[in-house]
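Once you scroll down, you'll see the structures, which are given as structure tokens.
Shared between the two complexes below is chain A, which pairs with chain B and chain C, respectively.
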Partner chain A sequence: MGKYADDEQWSDVVPLPTDEGGDNPLAAIAYSEEYEETMSYLRAIMAANEYSPRVLDLTEDLIDMNPAHYTVWLYRAQCLFAIDSDLKEELEWLNETALTHQKNYQIWHHRNLIVDKLDQCEGETAFVESMFERDAKNYHVWSYRQWLVRRFGLWDKGELEFTEQMLQRDVRNNSAWNHRWFVVNGQEGAAGVGDPDIRAREMKFAMLAIAKAPQNQSPWNYLRGITKKSGMSLAHLKDFAEQYASLDQPDNIHSSFALDLLADILVEEKNTKQAAQALDLLEKTYDPIRKNYWAYRKEQLGLPAAVA
Partner chain B sequence: MSLAAGPGRGGGGGAQGQLPDEMKVVVEKHVAYIQSLDTRREELEYHLTEHLRISGIYWGLTALHLLGHPDALPRDGVLDFLFSCLHADGGFGAAPGHDPHMLYTVSSVQILAMVDGFDELEKRMKDGKLKVAKYIAGLQQPNGTFAGDEWGETDTRFLYCALNALSLLGFLPSQQADQPPLIDVPAATAYVKACQNFDGGFGTEPGAESHSGQVFTCCGALSITGELDSYLGEEGKDRLGAWLSERQLPSGGLNGRPEKLVDVCYSWWVMSSMAMIGRLHWIDKAKLTAFILQCQDPEEGGFADRPGDMVDVFHTVFGLAGLSLLGHPGLVEVDPA
Partner chain C sequence: MAAAKEDGNDTLDELLKDKARIEELSSDEEEVFKRGNNDAANVGGGVPFPGMDQLKPKRKLEYLPPWLHDASINLFHDDLETPTSEAQQKTRAECLPLLTGEDTQGLELNIYGLPHLRRQKHTDFLRTTFNKLPAPYQVVDASRPWLFYWTVGGLSFLGEDVTQYRERLIETVRPLQNPTGGFGGGHGQYSHCACTYATVLALAAVGGLEVVDRKAMWHWLGTVKQADGGFRMAVGAEEDIRGAYCAMTVITLLNLPFELPAEAPARKAGLDTFTDRLGEWVGRCQTYEGGIAGAPNNEAHGAYAFCALACLSILDVPHKSIPKYLDVQALASCLASLQTMPEGGFAGRTNKLVDACYSHWVGGCWALLQAALSGGSSGRNSVKLDDLWSREGLVRYLLCCCQQPGKKGGMRDKPSTRPDGYHTCYSLAGLSAAQNHYSYSKEGQAVDKQSGRLIAAFHWTAERPTVGEMKALKFDEEDRVGFVHPVFVLPMDVIEATRRQFAESRL
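Showing the complex of A and B:
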């Protein structure tokens, strides 16, 4: 009795119940009846190495019940390839499944296998974007996006504009900042921000984002990343940092990240006294939860304890 | 994660006598909670988390060790279950009937190390340790990283897992100097280094966003191969340590990446990474301790990801491990790598 037991299509299969259990309490796993029945048919099918269209129905059923069961995904992929199934149809099914199980990573790995085999990515970037409308920071989806860019060479096919749109929607989306870095610098052999024109463009982009929301860590990290990768001195950023954190107006600091950067610039200039002043402000007023970190930075200045 | 050698601070909660109630770890209740997990089999959730069964046992056992009650789950039952998941190729599946996978093979090796069960493995499978080591080594890819299974999904998590398990089994090339190496360590560490980002953190693969969990696996991998100090240097440690300390938010809790919510499990990944690079003191320990304890269920035991959420075994072990790293009384000491 059950969905499969009563189905003529499956009457040739003798379901294989699990052999776990017995006297061992840790091994005895009780399933819901429906799940257990479906699994017992999968076990039988796998034992017989059957690859056929009905395997796709069965695995679809199981994935709906429990999308985290990686064995089911693997067998489904094997079956799709073995029977030369229509992979575009598979993608359509995956589109719906991905929307119901957003945190599941097997779905993305499966998609990856299918699209790789298809050898074309039409519609994929648009699908990814529809996923970002639900969760713009989903790590699996971003990883999948990067894979698409690498696999199909999408570096200059609107990818930079895409990061711009994502950051327009949410300037604090660190995943989008990371992706922008990847698009600009990730291609093998690309000069990235080592190229003066690209560097200028990217610095301007980060600075405009900071103007929108000064207390946002990501664009500050991005700016620092640019200076580090291109071997630029931090001193170039002094005027900019002071727009948001000036030691002349210690009560009017707009960004702890600007103050942090200013402290580093002052160290570079060997102006340890002012650097200590900036770090003091961070420790006592603008970022006290990290007081031990700021105290360490002050120690590094090598000032006598009384002055610091 | 492994438990530090030696007697530790001892469990049982006796050392917590002076603490106010809201600062106490309810040791007995956590033990009872973990024991109860195995008897909740009639619940739907139980079979839906079957793919995590071995990891669940590992988390539960680790929590019990931290609580000073290592024997609260029966050793024989644990070993029988473990071996019912072992395949002839030396890999372990998540539960009986599941394909072998890196994650569960590593959890199994960690469990065997914890319950001193390697002899038992040899008894049940001839040259069992070597077979398990070879299964893991066989998942290494030409670029140095490791796949989770034969289908080739790769991730720095799997790479760390592989190194960690091989070191517990004693089959790292450095531990077997007179044998041909099972894995290519230089390729593995080169891959880890390629995962470091412009912000100083590490991601799952080259180009992927920095994430505290991945910082942990990458630092852990470099620490096992003895390259962490030389690769990062003091400047690199300062930079990574700064990124990690930025994970602490005014609530005292830690997040996994910028602009994301705090979560108890990051207490472990962020703090153990900071401990590995000698920067743990940059955390505001009092505030983090208070945050973790707000996630404790003082009535029924267990920890949740955030105050007020449902408890689960995953957040229970990471909450306890976090408190242990913070030096909270009543818990056994934990080794950050």
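Showing the complex of A and C:
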């Protein structure tokens, strides 16, 4: 009795029932009959190393019932490749499945295997974008996008504009900032922000974003990343940082991140006394939850305690 | 290891709270929005959506820490509203009344006015995980080992005796072990690094590791080691930093040889050991933000920072291995920035929301990072390195915001979410990190001369807080969580027993 037991197509298979692990297993799941039966057929099929079209039906059933079942996904992928199944059809099926199980993780690895084998990525970036409509920070989707860009060399194919659109929607979306960093700097052998023109463009981009919302950490991190990677002196950022945090106006600080950057600029200038002042402002007034961290940074300056 | 809160619909949500939290990298924002206003009623605020003027609960200023003063809370607010800032304000509004004590949710308070740790309730909550689970739980069928670990882990952090589960756990995991080595999520499932890690830790906690086929395990681990130095989660699965941490944990605890088996595919690429190119691979995961991504080029994430630091702390003594492969100052800055204001807990990524599970993933980084920064003398009795983070902030967030009030117990991500085993276990581990001191002995050796075992991770000691420290952090003895090993996330004595158990074992 059951979908598979009653199906002649499966009559040659002797299902392997679940070994529950003793009489009194911990956190045992009261599986539905349907799930239990389908799993017992999967075990039998896997034990026989069978790769055939009916395996695709079986794994589809299981994925419907439990999309987090990594074994089913991996076995399905092996089967697809072994029987030379139509991978475009698989992608279409995946598109629907992804919509119902968006947070599922295995599905993105599976997609990655399929698209890699297909060796073409038509429609993929558009599909990914539709996923971001629902969750603009989904880690797996972003990771998949990064893989796409690298695998298919999409560096100059509208990726930069795409990050711009995403940041237009939410300038605080750090995943989009990270992606932009990757697009600009991730290509093997590319100069990235080491190139003066690219650096100028990216700095301007970050600075404009900061102007929109100064207490947004993402573009400040991006700016710092640029200075570090390109080896440029922080001094170039002093005027900019002081627009948001100036020691001359300690009561009028618009961004704790500007103050943090200013402290590092002052350290670079060997103006440790003023650097300590900036860190003091963070510690005492502008970022009290990180009091200990700012105190540590002040200690690093090597000033006598009285001065700091 | 953080959780996939995938796609549960609302009716199932209650039942499925534990489901597959192996890779929680979901968007907190979206979930907060989904839960919407009906949950606001539960958290006492009842504010549908807060404007700044609604964010000022009545409270006695003198008792509150500086980051909860009105002046701090209202420091910066950029006019531009985006989905990120809206979600942050909503979270702030649900947490503030609990943090200030305006709403105590009916919890019993300690003498400092913070809620007591509800030991008995959390214990009861964790124990129910081991009951027979109803059919909708079949979506966790591939991650049941996590339920074992979160339950016995959480219980043991609370000081409960878990050895009573020994025989049952051994029988339960027997069908999960594959003859070719390693553990899968269930009977007939492929071996998987996360399932193997969780099973081995759970078995260690109950004293049942003899059920592990060590030789087969060693062979299986050889099949997931990659030519670039990292590890895949399973054969054919994704390569990420969880794999590296999980695999190295298992190798070290079980005292497996760190040479690769002869048939391991990575040998063809010229690798000889499990540790070859590993540090370099971990180093490639550090991003321009200073934090650590799950794999090179991805976004920095708190859970992966822990995996990276713990993995490096297994590879060699932390003050050598961590600075060798990572920019420690940049990482410190990034991790410090994840402590959220005004909530005091940690977020997982830049501009994301506070969540109790990061109390461990990020909170657990500090002992490792401070050991790296202080050159192997992070103890209070050696050259003192002051904390880089706010223990006080984390204790307050966990006790005030993350304990489920009422009959049920358990701990939760944030007030508008429901408790589950995952958040209970890692909230308690984070509380332990905030309450206790962990130091690394600088005399520690990385490799045992006789056996060749990697022993760098076995030189940690724990110290309880002083009375003065407890007072400063506002918790009393009843609220204190036991010692949790900074690398292996089990009680210290369990790790010591495991080290001894296999000290003389060879394959």
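Throughout what follows, the second predicted complex is superposed on the first by the 296 of 308 C-alpha atoms of A that agree within 3 Å, B and C clash if a C-alpha of one lies under 4 Å from a C-alpha of the other, contacts with A are read in each partner's own complex, and residues count from 1 in each chain.
The criterion applied here is as follows: contacts are C-beta pairs under 8 Å (C-beta built on N, C-alpha and C of every residue); 3 or more make two chains touch, one makes a residue touch a chain.
What you are looking at is a predicted structure, and each value in this text was computed from that prediction instead of being measured.
Q: Return fit or clash for chain B versus chain C, each positioned on chain A through the superposition.
A: clash
Q: Tell me which touches more residues of chain A here: chain C or chain B.
A: C
Q: Please work out whether A:137 is in contact with chain B alone, chain C alone, both, or neither, and reply first, second, both or neither.
A: A:137: touches chain B and chain C.
Q: Could you tell me if A:217 is touching chain B, chain C, both of them or neither one (first, second, both, neither)?
A: Touch partners of A:217: chain B and chain C.
Q: One more residue to check, A:70. First (chain B), second (chain C), both or neither?
A: Both chain B and chain C are touched by A:70.
Q: Based on the superposed arrangement, let me know which partner A:291 touches: chain B (first), chain C (second), both, or neither?
A: In the superposition, A:291 contacts both chain B and chain C.
Q: May I ask you to decide whether A:254 touches chain B, chain C, both, or neither, giving the answer as first, second, both or neither?
A: second
Q: Using the touch definition from the top, say if A:100 reaches chain B (first), chain C (second), both or neither.
A: In the superposed model, A:100 contacts chain C only, not chain B.
Q: In the overlay, answer first, second, both or neither for which of chain B and chain C A:199 touches.
A: Neither partner.
Q: If the shared chain A is used to align the two complexes, which stretch of chain C, 57-65, 75-83 or 111-119, clashes with chain B?
A: Of the stretches 57-65, 75-83 or 111-119 of chain C, only 111-119 runs into chain B after superposition.
Q: Could you give the residue numbers on chain A that contact chain B in one complex and chain C in the other?
A: 18-20, 24-32, 35, 43, 65-66, 68-71, 74, 77, 109, 112-113, 137, 139, 142-143, 146, 172-175, 178, 181-182, 185-186, 216-218, 221-222, 224-225, 228-229, 289-293, 296
Q: Sort out for me which residues of chain B touch chain A in the complex.
A: Answer in residue numbers: 38-39, 41-42, 44, 46-53, 57, 73-74, 77-78, 80-81, 84, 93-99, 101, 149, 151, 153, 197-199, 203-211, 241-242, 245-246, 248-250, 252, 257-260, 281-284, 287.
Q: Over in the complex, which chain A residues touch chain C? Could you list them?
A: Residues in contact with chain C: 16, 18-32, 35, 39, 42-43, 46, 65-71, 74, 77-78, 100-105, 109, 112-113, 134-140, 142-143, 146, 150, 169-175, 177-178, 181-182, 185-186, 212-218, 221-222, 224-225, 228-229, 254-256, 286-293, 295-296, 299.
Q: Spell out the part of chain C that touches chain A in their complex, as residue ranges.
A: 4-7, 19-20, 22-23, 25-27, 29-30, 65-67, 69, 72, 75-80, 82-85, 129-135, 137-144, 147-148, 151, 165, 168-169, 171-176, 184-190, 192, 233-238, 287-290, 294-295, 297-301, 330, 332-333, 336-337, 339-342, 344, 349-352, 386-390, 393
Q: So in the complex, which bits of chain A are touching chain B?
A: 18-20, 24-32, 35-36, 43, 65-66, 68-71, 74, 77, 109, 112-113, 137, 139, 142-143, 146, 172-175, 178-179, 181-182, 185-186, 216-218, 221-222, 224-225, 228-229, 289-293, 296
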